[in-house]
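Here's the structure, in C-alpha cells; my notes come after.
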Amino acid sequence: MTLDLLILAAADGFSYAGLLFLVSLGLTLIFGVQGILNVAHGSLYAFGGYTAATLAIWATEKQAPTWVLLAALVAAALLVGVVLGGILEIGLLRRVQDKDPVLQLLVTFAAFLIFEDLQRLIWGVSPYSSTEVVSRMGNLDLFGITYTVYQLLLIPAVALAVYLGLLYALRRTRLGKQIVAVTHNREVATALGINAKKIGLITFIAGAFLGALGGAMAAPTTSLVPGVGTDMIVLSFSVVATAGLGQITGAFITALLIGMARSLAVYTAPELEVAVPYLIMVAVLLVRPNGLFTVAQARRI
Amino acid sequence: MKGISRRNWISRVGAIAAGVSLLFSVSAFAQGAKPAELKIGITTFTSGPASVFGVPAKAAAEQWIEETNAAGGINGVKITPVFIDEGLGGDKLLTEYRRVVQEQGVKLMLSAISSGNCNIIAPVAEDLKVLNVMWDCGTEKVLEDRRFKYVVRTQANAVTEMVATVVYLLKTKPDFKTIAVVNQDYAWGRDSWEIFRNTLLALKPDVKVVAELFPKFGAPDFSTEISRLQALKPDVILSTSWGGDLDTFVRQAGQRGLFKTSQFVLPLAESSAERLGSALPEGVIIGGRGDHYFLHPEYKNDAKHKAFVEKFRAKTKSYPIYPVYHMVAALQAVSDAHGKAIKANKGQWPTTEQLADAMHGLDFKGLTRPVHIREDGQGLEDQLLGMTKNQPGYAFPVMENMMLIPADLVTTPVGLKSPEWVKTVKPELLKNDRIKVFK
Amino acid sequence: MGVLIRTERLSLNFGGVIAADNIDFSLEEGERLAVIGQNGAGKTTFINICTGFLKPTGGRVWFDGKDVTGMEPRHIVRLGLGRSFQLPQLFLDHTVRQCLEISAAARSGKLSFLLPLARSVDAREIDHTLELVGLRDRSHELASSLPEGQRKLLDVAMALMLNPKLLIMDEPTSGVASEDKHDLMATLMRALDERKVTSWFVEHDVDIVSRYATRVAAWIAGKVAADGPPAEVLASEAVRREILGTA
Amino acid sequence: MARLYDIRVMTVLGSLLCLILGLAFPWSKTPIIVGLCFGIATLGVAAMVRAGQVSFGHAMYACIAGYTVAFLARAWPQLDGLLLILAGVGASLLAGAIVGVFVVRYRGIFFGMLNLAISMVLFSVIGKFYTLTGGTDGLRINRPTLLGFEFERAGFETVLLIGTLAAAIGLGFLVQRYFQSASGEALAGIKTNETRLEYLGLSARRVLWNGYFFSAGLVGLSGALFAMVQGLVTPDMGSWLRSGEFVFIAILGGSGHAIGAFLGAAVFELVKLFAAAYMTGVWQLLLGVTLIFVILVAPEGIIGLLMKKSALATRRGG
C-alpha cells in the first residue's frame, strides 16, 4: 500500500465518512438519551434528502445564489428533524416508553416501514436529484485527479463542525449539560430537577435533524431512489455499535475508519467493499464486546 | 388462563374462513368459444428502482389497450389488463402470477422486465400452460438453456444489444487501446459485460481492460470508482447501468470532468437522458436496447409513430423510452398472433396452444421496424445507437450519428450458445453494408 | 466440624479504592454468622469475591476444601454455596412456583429439553419449601407481583432449593417493614435449621444480630475489624463507634 | 387444560383451512407454504425473543440452508428433496452452533447488531461472488424427486404443502414442549435475571446457546422449504429486512405459546396478499400500522390477547 493510495482513499473516504458520521451521530445521540435504537432513522435520512432536493430544485429554478442553495439543504434538514422527529417522539415513542426494549425497537421498525411507503407516495419512484450546488462550487485537483469542492471540502467540513459544535454544546451549555446528565442517569437527573421528558424530545429532534442533515448533504451528489434509507440505517448501526452506544467521539473515529476502509477496498479488494463495514464491526465486537469506546460497567447486585 | 368456550371459537374461525374465501374468490371461465373479454396479465415494476421502466411501460400499455379497445379490440374482443408489480420481489411475484393465472383464469401473460423474474417465470408458465411473452427482459440464457412451447420474447436479447454496441463503438471510434467498465453488481451488469468483453476481444484483440468495477446495485455514491478511473485514464468507459445508478454515475462523473478524458458508452442511457438533461454531455454513445427512439431516423415522421409519441407525451409529460416501445411491440405481437391463429383455425378463437404456435415464426411491426420471432421464441429486433448532441427544442441531449444494425447479424443463431458464439464474431461484420448509418 | 470457607490475604482494589484489604477469614460448618458494617465497608464486595462475582486482585479463597479463587459463580454454586441478594434476583416473568422449580431443576445440572418443567422436579419438595417460606398461597402469582418482603423470601428459597452447604444472605431483612423482620428471620432460620445449612447473613439490626447469630463479624473499611461471639463484638469499642454510632 | 384444548382446536382448524384452501385454490399453495415457512422460522426467532434477545440477522440461517439446497441440487441433480432439506437444516445447525459460541456472549442491542453484522457479511459475500452464487439474482433449483417420486409442479406443491404443514405442527408441538421444559424456562430466565441463573449454577451462555442452536435449525428448515417451493434462492432470503420480518411476526403473534408464530405469520401473509391484490404500493405501510396497533393494544401479541381474553371469559364463567 503506497502513500498515494492512502491519500486518494482518504480524499474519497472523508466525504463518505462525513455523511456516515452525521447520520450515526444522530442515532447515537438518541440512543444515549432515550435508550432506543431508532430504526426509522434511515427514513429521516431519506426524507432529509428528498426534501432538500425538492427545495434545491425550487431554488435553482428561481436562480437563487449558491448560499441560498446551501441554506436550503440545512432548512430541509431542520424541517424534517422538527416535524418527523417530533411526530415520532411524541406520537409514538412516548407511548411505548415503559414497554419492553424489544417492543420499542419494533415500533421504530414499524415507523420505518410506514415512512418507506409515504416517501414513495410523496416523491414517486423515479430517481430524484438536484446537483446544481455541486456544480456551482466547482472543482479542485489533487494528484491529477479532479474532485468536487462540495465533496472534498464542504461535507467533511460540515461533519467536523457539527462534531466540534456538539462537543462544545454538551460540555459548555446548560442544555448540553442537562443532556449529558440524562444520558448518565435519567432518575438522578430527574431528581435534580431536570425535565427529562423535554430533554428527551429535544435530543430526539436534534438526532433526527442530524439524520436528515446527512440525507440533505448527500442529496446534491446522488440520485434519490426508494430504499436509500435502508442501506444507510444498517451502515450507521454498524458505526454506532462498533464505536459503542452513545459514544460521540467513537462514532467520529469509527465513521472515518469505515469510510477509509471502504475506499481502500475499492482500490485493492473491490469484492469486499460492501462487506468491509460489517467485517470491521464483527472484528471489533469480538474483541471488545461493548464497542471500541465503551468501558464495561459491572452490574450491581 | 382457562378456555374460551369451544362454540365461540368455532364461530370465530368460521368467520375468518368466510373472510378468507372472499379474498380468494374465483371466476369461472369458458374454453374454446370467443371469450367475452381477453384478460392479459402484465407484470411491470410499479415499485422499486426499476419502476423508471415499469411506470412508463404501464402507461403505454394502458394507452395502447384503450386505443385498441376503442377500435373494437382484438378480433372484436375487448382487452382487460391485469397488472402485477414486479417490485414485490421474486417470491411474491410468483404468487401473484399464479393467482392471476389460476384464480382469474388469465391465459396470456406479459412478463417480465427483470431478467431474474423471466428466469423464475418461464418454467412456471410452461408448467401452467399459459402463453408468456417476455416483453422486456434481456437475459439470453432463458431461451438458450431450454426450448419452451409457451414462452417467447418479442424483442432482442442481451447478446444482440451488446454486440451491436461493440459494432457501433468500433465503427465510430476505432482507435482506442484501453477500456474500463462500471456496471451494477447483479446479473445484467455482470452478463452484459461478459458478452461485451468477449465480442470486443474477438473483434479487436489488442484492447486492454484496465478496470472492472461492480459497485453494488443501488449504490448512492461512485466517488471512489471515479477517482480510480481518473487515475487509470481509460480511453473508453462502458456502463450498462440504468435508473438511479446510471443517473448518479453520470452526474458525479460529469461534475468531476471524467467525460473530458474518456469516451463514454452507455447502452441504456436513452432511458435516462430526459431525466439527466444537461448533466448528460455531448458525444456520449447511447442506446435504448433495440430499435426505438422518438426521433427514429426512419419513423420519426411516420404517422402512427408520431401520433403515438404525441399522445404519450400529452399523457405522461415525457418522451417515450425503450420499455414503452417494448410494451407496444409485445401487445402488437399478441394482437397479430391472434389474427394469425384465428386464420389458421378457420375463424375460430384459438386455444392457448394454438396461440403459442402462432407466436413462433410471427412477423409483426410495432411502432418501428418489423420484428421476426424465431422458432426458438427469440425475437429478432434491430438495434439503434447514436451519440448525444444538444439540439434546439430539447432540454436534454438527443441522438445523432445514428446507426441501425440488423438483428440477424448480431444475434446468436438458433441452437448455438452465446458465450461461444460471440467469441467467433469476425471483423468483417463491421463492414457489412446492411448496417445503415444516418448522418 | 470442618472449615467450610476460608480466605487468605484476600484483597481487591478498584483504581485506588481498597474494597477488600488483606482479609483472612474462615467459617466453620454449623456456624450462623452475622456480618455488620456501614454501607461501603465492603461486606457485599467480600461476598461477591467469595462467590466469584468479582475477581480478587490478591489472595485466595477456599470453599469446602477447594481453591475457588477466580472461579465463575456457577461453578462455586455447584460446590454447594447458595446465595441470596440485597436486591432479590428473581425470574420476574415466572410464577413463584416456577422460580422454585427452575432452582430444583438446576440442582441436577442437566436441564431437560422436552419434559415439562413441573414434571422434571419433585412437586412435594416444592410444596414443602413454599410452605416453609409461607408462599404457598401465592405460588401461582408472578414473582414480579410480590411485595418486597416476600421477594426476599423467594430469593432465599431459590437458593435454598439448591440444598447448599453454606447459604450467604445479603441483607435478608432490608426493605422489610420493621415489625415483620423478626417473623421473616424466624421463618428463615427455621428453614435453615431444618436442612442443617451453615449460614452467613449481612444485617444492620442489632436486635436481629444478637438474637439469631452465633458469631458476628464487623467490617470497617474493607477489613474485619472485630470477629467473635455477638455480645463481645457488639460491645467492642470500634464497633460501637464506627458502626453502631452509640459510643 | 381448557386453554390447551382451544389451541388444539385452533391447530386442527388452521391445518384444515390450509389444506382445503390449498387444494381448492391451487395458486394459494405457494403463499400457504411460504406462510408456514415464515411461521417455522418465527418459532426460532420467538425462542430468542423469549430470552429477551432480538436478532436482526437470523434470516442468514434461512439463506445458508437455502444455498446449501441449491448447491447440492445443482451438483447432484439426482439427490432427493428430503435429503436436500435435511442437508440444508444440517448446514444451518452447524453454522448456528459455531456462530452461537460467539454471539451468546452478547445481550440486547449488541446481540442484535452482531447477528446483523454477520448476516450482512454473508449477504454481501453472496451478492459479490457472482460466478458461484448467481449474485443478487440467485440460483435456480430444478424440481427434485420427493421420497423417490417424480412430481409435476402441482403434485410437488401438494406434497410440499402437506409436508410443511406436518413439519409446522410437529415443530410447533416440540417447540412448545421446549418452551415449557426446564431448559426453556431457564431460557426465559435470561430475559429477567441472568445473575440468578448463574447463582443457580447454570451458565446463561450455555442455556442461550441451546436456544440459539435450535432457532438456527428452525430458521434453516424454513429456508430449505422456501427454496424448494420457490425453486429459487436469492440473497434477499438473508437480508436484514427479512430478519426484521421474522422478529415482526414473532411480536405480532406473541411468544407466549408456539402457535403464536403461526398466527403471526398468517396475519402477516394475509396483510401482504391483501395489499398485493388491492393496495399495491403500500403494503409496508399496512404492515407498519398493523405492528404499531398490535404493540399498543396487545404487547403480548395475538396469542397474549387470546390468552388474556380466555382468562377473562373463564372468570366470568364463560
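In this document, chain identifiers A, B, C and D correspond to the written order of the chains, with residue numbering beginning at 1 in each.
The rule is simple: contacts are C-beta pairs under 8 Å (C-beta built on N, C-alpha and C of every residue); 3 or more make two chains touch, one makes a residue touch a chain.
These figures come from a predicted structure and were not determined experimentally.
Within the contact network of the assembly, the step distance from chain B to chain C comes to 2.
Central chain (C-alpha centroid nearest the global protein C-alpha centroid): D.
Farthest from chain B, judged by the mean position of CA atoms in each chain, is C.
The distance from the centre of chain C to the centre of chain D, each centre being the mean of the chain's C-alpha atoms, comes to 43 Å. Look at where the CA atoms of chain B average out and do the same for chain D: the two points lie 36 Å apart. Mean C-alpha positions place chain A and chain C at a centre distance of 48 Å. For chain D, the set of residues that touch two or more other chains comprises 124, 127-128, 195, 281, 283.
Residue positions of chain B with contacts to 2 or more other chains are 46-47, 214, 216. Among the residues of chain A, those in touch with two or more other chains are 120, 274, 301. Residues 31, 37, 39, 92, 95-96, 99-103, 105-107, 109-114, 116-118, 120-121, 230, 234, 237-238, 241, 245, 271-272, 274-275, 278-279, 281-282, 285-286, 289-291, 299, 301 of chain A touch chain D in their complex.
Put simply, chain D touches chain A in their complex at residues 49, 52, 54, 102, 105-106, 108-110, 112-114, 116-118, 120-121, 124-125, 127-129, 195, 240-241, 244, 247-248, 251, 281-285, 287-289, 291-292, 295-296, 299.
By the touch rule above, chain A contacts chain B in their complex via residues 8-9, 11-13, 15-16, 120, 125-127, 129, 131, 134-135, 139, 144-148, 151, 218, 221-228, 231, 262-263, 266-267, 270, 273-274. By the touch rule above, chain B contacts chain D in their complex via residues 1-6, 8-10, 13, 16-17, 20-21, 23-24, 26, 46-47, 85, 88-92, 94-96, 98-99, 101-103, 115-116, 119-120, 123-124, 127-128, 185-187, 190, 214, 216-217. For chain B in complex with chain A, the touching residues are 46-49, 51-52, 55, 213-216, 218, 220-221, 223-225, 227-228, 230-231, 243-245, 247-248, 251-252, 255-258, 275, 279.
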